[in-house]
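Multiple structures follow.
Each of the two complexes below includes chain A, the first together with chain B, the second together with chain C.
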Partner chain A sequence: MPRREDERVLRGQAQYLDDVHLDGMLHVAFVRSPFPRARIGGIAKPDGVFVLTAADLGPEVRGLPTQTLPGIELADAAHPVLARDEARYVGQAVAAVVAVSRAEAEDAAELVEVDWEPLDAVVDPRAAPEWLYRYSGSGGDVEGGFARAEHTIRQSFSIPRIVTSPIETHGAIAAPRPDGGLTVWASAQGRDRTRDQLRHALGRDDVEVVVPDVGGAFGSKGAIAPEYAATALCAAALGRPVKWTEDRLENFLAAYQGRGLEADVELAVDGEGRFLAIRARLYADAGAYLYPTTPTPGQTTANLLCGCYAIPACAVEVYGARTTKVPVGPSRGAGRPEAALLVEGMVEEAGRQLGRDPVELRRRNFVREFPHRTPLGYVYDSGDFERCLDRALELVRPERSRDGERLVGTGIGCYVERAGGMWETASVAREDGRVVVTAGSSPHGQGHATTFAQIAADELGVPAEQVEVRFEGGGIGTFASRSVAMAGSAVALACRKLLAEGGDSATVRFESDMVFSSGCYAAVVEVERATGRLTILRIAAVDDCGRVVNPLLAEGQVYGGTAYGLGECLVEEARTDEWGNPLATSFASYHLLTAAEIPPVEPAFVETPSPLNPLGAKGIGEGGSIGVLPAIANAVGDACGRKIDPPFGAEKLWEAIR
Partner chain B sequence: MRVSVEINGRPYERDVEPRTLLSDFVRHDCGLTGTHVGCEHGVCGACTVQLDGVPVRSCLLLAVQADGRSVRTVEGLEWGPLQEAFHAHHGLQCGFCTPGILITVDALRGQALDDAQIRDALAGNLCRCTGYVQIVEAVKEALNA
Partner chain C sequence: MKPARFEYAAPESLDEALGLLDEGSKALAGGQSLVPLLNFRLARPERLVDLNRIPGCDHVREEGGSLRIGMLARQVQLTELEAWPLLRDAVDHVGHPQTRNRGTVCGSAAHADPAAELPAALLALAARFHVRSASGTRVVAAEDFFVGYLTTVLEPDELLVEIEVPPHPPQWRFVEYARTHGDWAMVGAAVAGDRTALFATGDRPRLTRDLAVVDDPWKRAFLEEALA
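Moving on, here comes the complex of A and B:
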């Protein structure tokens, strides 16, 4: 079913953050650090301009919240709203400057003089003396597994940072209300978490949040930018609405990035090819400060290290290195692609070193009984990993050739991902012959209104056209591929409650453990021997997201996620120079793939329903971004005869095969 | 400076700073916010408008360069097979890049393009959501309608 959201977008009537205009609105621009690390000796403000610095902030202003997760140790390094004595990455905001237009605010920002004393940068996460977070987990007899092993396979991996790059950048408008409180319009992945983060940062409880149409997020708008808080402080100080629309340069420099992981992994294998234990030390390039979600990707990578395999023992340590770079946080996949690359890379490495077919190694070690508890405590609720693998092999038609001018190889990327979890609310009401569904989890392009209307229509036996869907908060938000499984299930249960109780309305709060989507991606690639140029010939994308509610939209997620993953395979790498200066600062120095560069992708679904929710749904928002990375990496490895780290540029591949 | 531009068949006359970009003029001086700004350096294509019928990056032009000329934005496109095809094929997700794509494709009407030519024609418009597959399907259907 096509989306009910489309018409106003196609007519140009959607209202994104920068489209919101309030009377008397002022504009803010930021003075930012030009150094990876520098002490701030003093800040001289120009006359006649409103300039906010850290020295102007009251003691109630706390900076961004941090969030502890079980087993994680955090440093006392919350991201400040504005740098006070020291700036720790290029682009960190040190002063906010307000004027009647953005252009005039930028002019005035150039008149602010900062006394900088540059300090040494910390670029390499393996050599970073300080950490932002640490995590370790272990389960099963790891030492025994390695002692019994016939073979110990060792490999190191490096996954570069990526810039999440939603086409709509961040933005916020803050306006004082007559009751003395503040209302903040924010480009964000959900109303309530954004509101709570702002309340914490500002140290006041009278902040409300409105989320307009959102032009993409991919994880990057789940935590507020510190600039949202600074914009709110400017509005409060001036008593007028103030707008900040992040420009693309600011997004490259100062928006939290994704990935950035170095890993040393060991796999214990017995004489029959069974995996006995896996252990790893992960160095996450966490950046300069903690966002609430900075530890999430590293912890997720660690906890998914066993992948689709029944490995009885696992030990992993994550060193969340404090570097002088912009922080990291979730970016579509958020730790899952990294885990899939590591474990699938180890399977391929085992195949290479032991002379065994890696497909057979996978079959020998797949988890086959559910629920399955991993040594680190995740409980896989459902899946059929071998059926996904078989379907992917059938669709991709494996090929290999190392003769001639073109090296051809096939790669497999099996994955399992955590999705859903926590809670969502929904209510459903009958009003004048219509059904009104109110959900907490709001969209940023996924099509929640269409999907939730379908779910309600199915449950109530009414046409979907009779169902209106509203988003009024009362949920956690849209992330971790969770909206159908969590908010959709809340909608379904609210409908069932309405039918059972026979009243005019019903409200449900649905709680669930995490569900585990899975799948298998496979790719055939060709590397030109003379130049190292990579061509992806075809990709099979097989996902098990449980019950599919809307196949058209689910395929859209698969194609989109796959293109996202292909970007980091082919071109995306947010590098810094050896002094920590960012080299990715525009779409001219950091490329996103265009329509002309997307290879053929064939999607297919395997449906094993989750027993944990009434829909049997799991999640499809991230599968493509997870599966394609190991599939392409392993296909390149198969063609070139050795493991190579992404991205797979021609120069790197040419060096590897010459 | 005084600038008069015809946008979607209506005259707009405004005083602007010489440095005002056409994208900001259209969005903020004329209130036509269907045209979006994604990068302001001419790569993403979200700000594409038609200037005298030709797709251009409105972030790479000054408003004064459009003086006396005719601009078309997404608000000026009539609902038709193009929009229907994007809807039917799920050719949009968050929608931020969509107006620029519609403006680009609208200028291709009447041309018979194969898949590779459609992909090349779309290569000036970045989309982070869709992976382009369903956009290409929609464009193929619209151009053949």
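Moving on, here comes the complex of A and C:
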């Protein structure tokens, strides 16, 4: 069934945040830190301009909320709305300046004088003296596993930061209401979490949120930007609507980034090639402050470290290093690609060091019985990892050659990912011969309206055209590949309840444990010996997202996710110089792939329905971004004869093979 | 990313435009380099002289065996040039269709980005740069036109009004490595007959076949392989 969302978007009829205009609306620009770290001696405001600084904020303004998860220790370092005594990354907002247009606000911002005293930056996460969060987990007899091991395989990995780069950047409009409260239009991944975060940051309960059409997020809009809160404070102070549309420079400098992980991993292997234990120390380059979701990628990496393998013991420590860089948070995959790169890289390394076929090592160690509890406590609900591997090998047609002008190699990336979990709501009502589905979780490009209409049509036995889908909040949101399994299941159950009870409407709150999607990506690549130039010859993308509800949309997610993951394989890398100054500040210095760089991708699905929800569904939104990273990394490693860290630019590969 | 304040002038004749150009002015043709620089506030001219309303200078035509490229000719106009295939191949690497529809050939030459394709191709083809100011006209050889990073011989009151490209030699090649299609080159070369212009290897395109001048060993290796 084709997507019903597209025509409106393609005709330019979508209403994104920047398309929203309110009468009397003013615009805000920010004065930002030009230093990775600096003390703020004082701020001189120009006359006749509204300027908001940290000194103007009341004690009720708390900064962004933080979120504790079991086993995570957090520093007292919530992201402030505006820097007070010290700025800790280039781009951190120090003052908000309001004018009648954005251009004039930028002019006025140049007149704000900040007395800066530069301090030393903290660039290397391994050497950072402070942490933002720490996490450790262990299960099984790790010491015993390494003591019994015939071989201990050791390897270190480095995964650079990436800039999430949705087409639509962040943005917010705040407007005072006649009742004294504030309404905030926000580009976000869900209404309710955004509202709760804003209420916390502002220290007031009368804030309501409206989420207009959203032009992409990829994880970057699950937590509010501090600028949303600053915009709301400006509107409250001035009694007029105020808009902030993040521009691309601000998105590069000040929007939370993804990945950024250094890892030292050890794998204990017995004489038969069985994995006995795995342990790792992870150094997350977490940045300057905590967003509510800053620990999520590091913790997810740690908890998925056993991958698809029945490793009986695992111990992992995450050091969420406090660096003087823009903070990190979820970016499509959010810890899952990192985990897959680490564990799949270790399997390849074991193969190289032990002279064993890494494919056979995988077969020997796969989890084969479900549900499977990992040593760190995740419960894999269903899967058939070997069938995914077999299908990927069949599609990719492995090759290897290290003679001649071109080095050819094949790489495998098996993955398992956590998806879904928590709860969602949906209601279904019959109105004038139509069916109206109201879902708690709103989309930002995924195609919820199509999928939910299809689910309701199937359940109720009506044509999908008769089903209207509305998004009115009341759920958690769209992230972690959760919408079909959670909100889709809520829709299905609401339909079943409606049929069973026979009334005009039915509402359901559906709650479930996490589901675990899985898959196997495989790639054949070629490296030109003389120049290091990498060509990806083909990619097989095999995903098991449980029961596939809409094959067209599921394939779309595979292609999109794969393209996303290929970016970090080939070109994406948000570096700083040795003093902590960001080098990625525009699309001239940070690169995204175009259609011209995307190689042929062959998608295929394996379906092992989840027992945890009525649809048997899992998640498909991130699979491509997870599987392609280890597949390409291992293919490059196979071609070049050793592990190389992404991204795989020609110059780096040439250095590695010369 | 909004530009600082500037005065905007949109002259309707070349003479009027030349009268407006001075130290504090910047000429706007396609704007594909200048406008981002304005938006980053890296360029802060007092006055922008928009050339787009000046008639009769958007030509790409053959004249007596040479190619004449007017100052408002867009890059897209080179894409189907049968008789100057080096320019055709080079322009295919310049940005994307949207930017080529606006960006001008003369603007690219005058901007003189050392990683840009068209300056190197024009240098290899021994193009001649016709320059005008209110006080006169001069013709500059390609070897003399590019003098440094984003710098040409153009004075603030001068405009590059036309590029003249001599007949194309039968042998040519265009090679480059860019991270993504349409991105700035990391390294490249334009070859026309016995003239080879290297780009993205220094502060300006360089006319040389001696790859020893390329400091970066990977760039040298790339060019050795690509030009072999």
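Simple rule for what comes next: the second predicted complex is superposed on the first by the 658 of 658 C-alpha atoms of A that agree within 3 Å, B and C clash if a C-alpha of one lies under 4 Å from a C-alpha of the other, contacts with A are read in each partner's own complex, and residues count from 1 in each chain.
Everything below uses one rule, namely that a residue touches a chain if its C-beta (ideal position, glycine included) is under 8 Å from a C-beta of that chain, and two chains touch if they have at least 3 such contacts.
Just so we're clear, the structure is a prediction, and the values are computed from it rather than from any experiment.
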{"item": "Partner chain(s) touched by A:Thr562 [first = chain B, second = chain C, both, neither]", "value": "first"}
{"item": "First (chain B), second (chain C), both or neither touched by A:Glu655", "value": "second"}
{"item": "Partner chain(s) touched by A:Arg248 [first = chain B, second = chain C, both, neither]", "value": "both"}
{"item": "Partner touching more residues of chain A, whether chain B or chain C", "value": "B"}
{"item": "First, second, both or neither for A:Gly216, with chain B first and chain C second", "value": "first"}
{"item": "Which of chain B and chain C A:Glu262 touches, first, second, both or neither", "value": "neither"}
{"item": "Which superposed partner A:Gly532 touches (first chain B, second chain C, both, neither)", "value": "second"}
{"item": "Touched partner set for A:Glu106, first chain B, second chain C, both or neither", "value": "second"}
{"item": "Which of chain B and chain C A:Asp285 touches, first, second, both or neither", "value": "neither"}
{"item": "Contacts of A:Ala596 with chain B and chain C, given as first, second, both or neither", "value": "both"}
{"item": "Residues of chain A that lie at the interface with chain B and also at the interface with chain C", "value": "103, 247-248, 586, 588, 592, 594, 596-597"}
{"item": "Of all residues in chain A, those that touch chain B in their complex", "value": "2-3, 5-7, 9-16, 18-19, 21, 103, 165-169, 213-216, 218, 247-248, 444-447, 552-553, 555-556, 558-564, 586-588, 592, 594-598, 601, 624"}
{"item": "Residues on chain C engaged by chain A in the complex (per definition of touch)", "value": "1-5, 36, 40-41, 96, 177, 179-184, 186, 218, 221-222, 224-226"}
{"item": "Contacting residues of chain B [partner chain A, same complex]", "value": "17, 19, 27-28, 31-41, 43-44, 46, 73-75, 77, 79, 83, 86-88, 90, 92-99, 102, 116, 118-120, 122-136"}
{"item": "In the complex with chain C, residue positions of chain A that touch it", "value": "102-103, 106-107, 110, 247-249, 528, 530-533, 570-571, 586, 588, 591-594, 596-597, 649-651, 654-655, 658"}
